[in-house]
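Each of the next two complexes has subunit A plus one other chain: subunit B in the first, subunit C in the second.
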Partner chain A sequence: MIRLRRPGRRAALPYLLLLPALAVELLVHLVPMVVGILMSFKQLTQFTIRDWTTAPAAGTANYRMALDFNAPVGRALLDSFWTTCAFTLLSVGLSWLIGTTAAVLMQDAFRGRALLRAAFLLPYALPVFASVITWSFMFQRDTGLINHVLHDQLHLIGDKPFWLIGDNSFTALLTVSVWRSWPFAFLTLTAGLQNIPRELYEAAALDGAGVWQQIRRITLPSLRPVNQVLVLVLFLWTFNDFNTPFVLFGKAAPKAADLISVHIYQASFVTWNFGAGSAMSVLLLLFLLLVTAGYLFATNRRRGADD
Partner chain B sequence: MIDPPAWFRRLRRLVLLLLAVFTLTPVAVMLSSSLKPLQDVQGPWRWLPSHLTFRPYLDIWTTVPLARYFTNSLIVAGSATALSVLLAVLAGYAVSRYRFPGRRLFTTTVLSTQMFPGILFLLPLFLLYVNIGNSTGIALYGSRGGLILTYLTFSLPFSIWMLVGYFDSIPRDLDEAAAVDGCGPVRTLLRIVLPAAVPGIVAVAVYAFMTAWGEVLFASVMTNDQTRTLAVGLQGYATQTDVYWNQVMAASLVVSVPMVAGFLLLQRYLVAGLTAGAVK
Partner chain C sequence: MRTQRPAALPMAAGIALATALTLTTTACGGGSTTAGSDSSPKTLTYWASNQGTSLDNDKQVLEPELKKFEQQTGIKVDLEVIPWSDLLNRILAATASGQGPDVLNIGNTWSASLQATGALLPFDQAAFARIGGKDRFLPAAVASAGAVGKDPAAVPLYSMAYGLYYDKTLFQAAGIANPPTTWDELVADGKKLTTGSQYGLAIEGGNVSENVHNAFMLGLQHGTGFYDTSGKPQFDSPQAVAAVKQYVDFIAADKIAAPGDAEYAANQSVTDFATGKAAMLMWQAAGPSLKSHGMNPDDYGVASIPVPAGATGSQATTSMVAGINLAVFKNTHNLDGALDFVKFMTGDDEQKILNSSYGSLPPVRSVEADPAFATPELKTLAGVLQNSAAPLPQVASESQFETLVGTAVKNLLAAAAAGQPVTDATVKSELTKAQQQMPAG
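Then we have the complex of A and B:
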């Protein structure tokens, strides 16, 4: 028996199925985003925040304050922005490089490969707060492993430096960030490598291509579509990363490692300047939108040129 | 690569060994320190405990209310995962099986929320929850419910995207055969599509659970003493004078074991899911 259905009910079904997902996305992401944009035009302090809708209007004052690079607030925001840019470039670059190296080296089967792969995925599987807190123990000046190895065992450095305050904090943060994100690059690229037919390598070997030529002419080009997605995802994650610095340094990061997410958190929740914090968030979003749009445009055009 | 030469194998062994050391050192630190007496972790670093003790594993439960944090994290991450998977299955099924106006707009909008920095909507969401609480009496701020609602949306976009890929790979002939047998859309979903998509659903659930279990930013703002999760609670081992590093490491290990075990057991599905979604 074939059931007959009224067409109206049929057409509504996909929307009914989407409705729950749409509702929570609206409530948690889209409405707060609109609210955030509205808030950036208000004067919000710990006194007016309780009922932010009636808070006095600020016009563009919050934006002018965030972008006035000669005044302390704007200056600090700009510094934090450059720190985040340098940090993101280095972290994404190194994570990508290590992830690619590991994926290429582990493409062929060898003894212990499965075990090694499981080990490489550990940083991705461990909860952030547990692994980063371990790193902060390793970076302790007097009791940590890093200074013990570098100073006591290898005699590479004369004095035991502080790693979690001062300029060294940038290196510390970068190390932990690369440790956390390269396994994701590895995992994604490993998945990408599984699509390369083995005959390609056999044909290349017959033609006398060596190791480097096989990697350069077969492996790397075929990873390009995966890399286009991977680099963008790594960029967005690293640029927005809050968890790593927050667990490593606490509420106030040292100046050399003051990433923009923590900086805005600090401006909003520690110094109670919610209006300025919102304006900074909106500026951050605009920047990310621009970079993402530019990146997608550039990679799509290149892909188009290849076809 | 076909028959790599000996020098390549040696280089490969060296590089992979260095990477393994880099990757595993924190895990070794966690394990070794969690078995040390307090004076060992307060003095200069030593690789092995001066004498082996399991004390930290007993003390962690009393120094901070770890069991409560654990329960909170389990409830929050578990509920967020269950709800996120449910909503993703419904939405993924709709996107995969129906052509309707607004389909592309929906996927683009939902996926683009992935790129927003958390800090952008943390503050408005916090105020929204406070306002909803004040006007309706539904306590979202400070409650587990608010955190569950927040976390379920974090993994939702990726889950929908991955499940659409999975559902697409299930032949539609099966749906049609079911329709001829008199199954409606709901029965088709339950009887045909879901059983075939189990690996994808497992992968999505693992991802959702990991996302919720590890989140720090919203947990630090949206919880109070009673609803605090592990992500924030672990910092409680630092007193004003001392950090009980041996206990911190023991607690870190205890809260990591379920995650790592689950992940390693199910990593095959994650790779398969990534291959289906990202690489295609």
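Then we have the complex of A and C:
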């Protein structure tokens, strides 16, 4: 005989099973975020950090300091913000371009393809610290490989430039960043390309479409969902990248390469002003949420129009 | 469902960032977070600073000594050697979370700053009595272990001072008989020694700490300690501007240091000196490093760092009081063991072994006169420490001062290296900016 369960209990079960996930979500994401927001309204220095709950309230002072673009702290934050925007746009754009080109070129089977693919993923597999510190040695003015090749061997430049200090540090940082992130674009797009039915290309070829038309009409539209996620993820990772600039430049990055995550780190940990650092983090979080929401809204609407 | 997945990403990323920045220092790497204090009386955790030529070298030096301690007391010490770039952040994270090692090394310049957090055990009469008494230590070294009028937050472990290292062979080749004693002489000698790819002086321009140590020493020579008598920062006083400009001018105007020095941050200037690319170097306890680079102790001499002609009193300061202190984390669950360990490390035998391994000076009176420390280099440095060294400002905001002024000097050196003009006005504007970044209160 089959025993019937009471409908009420049955309906509760899925929620019961969700509970552990909910608890973890609360612990891992929500609690730290709330703590961070609370901290941004406090005067938090090395004197008060031990018991931050009893630290004196700061009201909106931390936010006013971060947003006062006429004072040194706010102005430096704004400069760093624009630097990060330019850096992110260039880095994501180049990584995407290189990744797409490589993925399309590697579609056709040829001898050594597997080996080449594996080599492409090398930057992704290396520990960040090891690879970036190697770059920093290569970028040294007098003893580095970059100047040696550009100046001594290829004679492309007349004078040995500095890469790790001054304005060139932006180029150095961009180079390392693109080197690190394009393999991810390549990997994702390769997976995406394999999902496009071959028949589409065969049919298009029969109809007389050339390579460019095939890319424009079949490849890119089919990749759109993949690209949507890819660009968003790359954007967030690059915008928040801490490891690359920190290993490359140390705790005081040159002005031209002063990315916002290192800048906030410096504002909070180096000057021991944790309240101000929290306020800057919250501002950054708000900005990223806004950009992401806008991006998703725009891309979804476009997709809706296509359907 | 389609849109929910990506929407979670910015949240996660943003929160991760906010968390990383407000709660921990995970972002700056540094390996495992040792759960420090424990209730077991048979173990201790010890964070050692990087004193040797590498982290591994430190382990090789310290581990046999920790074994000895274990044999004597039955207490096992878990050692973690932490690079300087991470140490302050790790200590701070430990302070904020209350989870730290039992015993740790701190740079003595941070003593007052870390004392202010209240996380370190104060060495009062009783605590000092447990480790053999305050009188065992040199007074100058104890003075750099906390603010005036308070119980020290740590005890001195290794002492160091800056000296002027000069290459005897290169000096002889340039026809210079004696090391310079005034800055005018140093610059004149430096110009004679700068030829082709060889430079008169090597500096570590990308290293924030080296920059601030030199700025502080030059500041006193010009008549400012970067703080006024009431403890308020005055980073951009005319004297401070003159001091910093003098340092930056080694690259900018005198051209006796290589422009490439501006990006050095990993002890490349020591390598340059050891390999004959530079004839002079201002450094603390460089002996072991120079040896590891293959330089024979007979090939170089050590003198006091120059002073302005005719300087007396604090204007004749030639070094900061450099050194490493040993502190006990207040939250330790093994206070007895921790104090035993401090006593062991500051005992005569260990002081001899450790300081001779690291090329530093023992801050303990009974060991000071040991023949192991009677080399010409160490005798010079001991004399500096005794006669012409001053501790960095023992104020709570010292660590901010160190980073902000050190960074300002780094920026100015970078500008000079790139050939941009460095004037009193540019120096002042960088220092003013540093001062304005000091958090109020």
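The criterion applied here is as follows: the second predicted complex is superposed on the first by the 278 of 307 C-alpha atoms of A that agree within 3 Å, B and C clash if a C-alpha of one lies under 4 Å from a C-alpha of the other, contacts with A are read in each partner's own complex, and residues count from 1 in each chain.
Quick note on the criterion: contacts are C-beta pairs under 8 Å (C-beta built on N, C-alpha and C of every residue); 3 or more make two chains touch, one makes a residue touch a chain.
In this text the structure is predicted, and so the values were computed from the model without any measurement.
In the model built by aligning both structures on subunit A, subunit B clashes with subunit C. More residues of subunit A are touched by B (comparison of subunit B with subunit C). By the touch criterion defined above, A:22 reaches subunit B but does not reach subunit C.
In the superposition on chain A, contact is made by A:45 with subunit C only, not with subunit B. Once the two complexes are laid over each other on the shared chain, residue contacts for A:228 go to subunit C alone; subunit B is not touched. In the superposition on chain A, contact is made by A:166 with subunit C only, not with subunit B. Judged by the touch definition given at the top, the superposed model places A:296 against subunit C, while subunit B stays out of reach.
Using the contact criterion defined above for the overlaid structures, shared-chain residue A:152 touches subunit B, although it does not reach subunit C.
In the superposition on chain A, no contact is made by A:57 with either subunit B or subunit C.
Contacts of A:71 after superposition on the shared chain: subunit C is touched, whereas subunit B is not.
Looking at the shared chain after the overlay, A:277 reaches both subunit B and subunit C.
Overlap of the subunit B and subunit C interfaces on subunit A comprises residues 29, 32-33, 35-36, 39, 49-50, 52, 129, 142, 229, 236, 240, 242-243, 246, 261, 264-265, 268-269, 274, 277-278, 281-282, 284-285, 288, 292.
The residues of subunit A lying in touch with subunit B in their complex are 1-3, 11, 13-15, 17-18, 20-22, 24-25, 27-33, 35-36, 39, 49-50, 52, 98, 101-102, 105-108, 110, 116, 118-131, 133-135, 137-138, 142-145, 147-148, 152, 179, 183, 187-188, 190-192, 194-195, 201-202, 204-205, 211, 214-215, 225-226, 229-230, 236, 239-240, 242-243, 246-247, 261, 264-265, 268-269, 274, 277-278, 281-282, 284-285, 288, 292.
By the touch rule above, subunit C contacts subunit A in their complex via residues 3, 5-7, 9-23, 25, 27-29, 85, 89, 92, 95-96, 98, 113-114, 116-119, 206, 208, 258-260, 262-263, 265, 396, 399-400, 403-404, 406-407, 410-411, 414-415, 417-418, 433, 436-439, 441. Considering their complex, residues 1-5, 8-9, 12, 15-16, 19-20, 22-27, 29-30, 33, 41-45, 86-88, 90-91, 93-95, 97-98, 100, 102-103, 106, 109-110, 113-125, 127-128, 130, 149-150, 152-153, 156-157, 160, 180, 182, 184-185, 210, 213-217, 220-221, 230-232, 234-235, 245, 248-249, 252-253, 255-256, 259-260, 263-264, 267, 270-271, 274-275, 278-279 of subunit B touch subunit A.
Partner subunit C is touched in their complex by these residues of subunit A: 29, 32-33, 35-37, 39-40, 43, 45-47, 49-50, 52, 71-73, 76, 129, 140-142, 162, 164-166, 228-229, 232-233, 236-237, 240, 242-243, 246, 250-252, 254-255, 261, 264-265, 268-274, 276-278, 280-282, 284-285, 288-289, 291-293, 296, 300.
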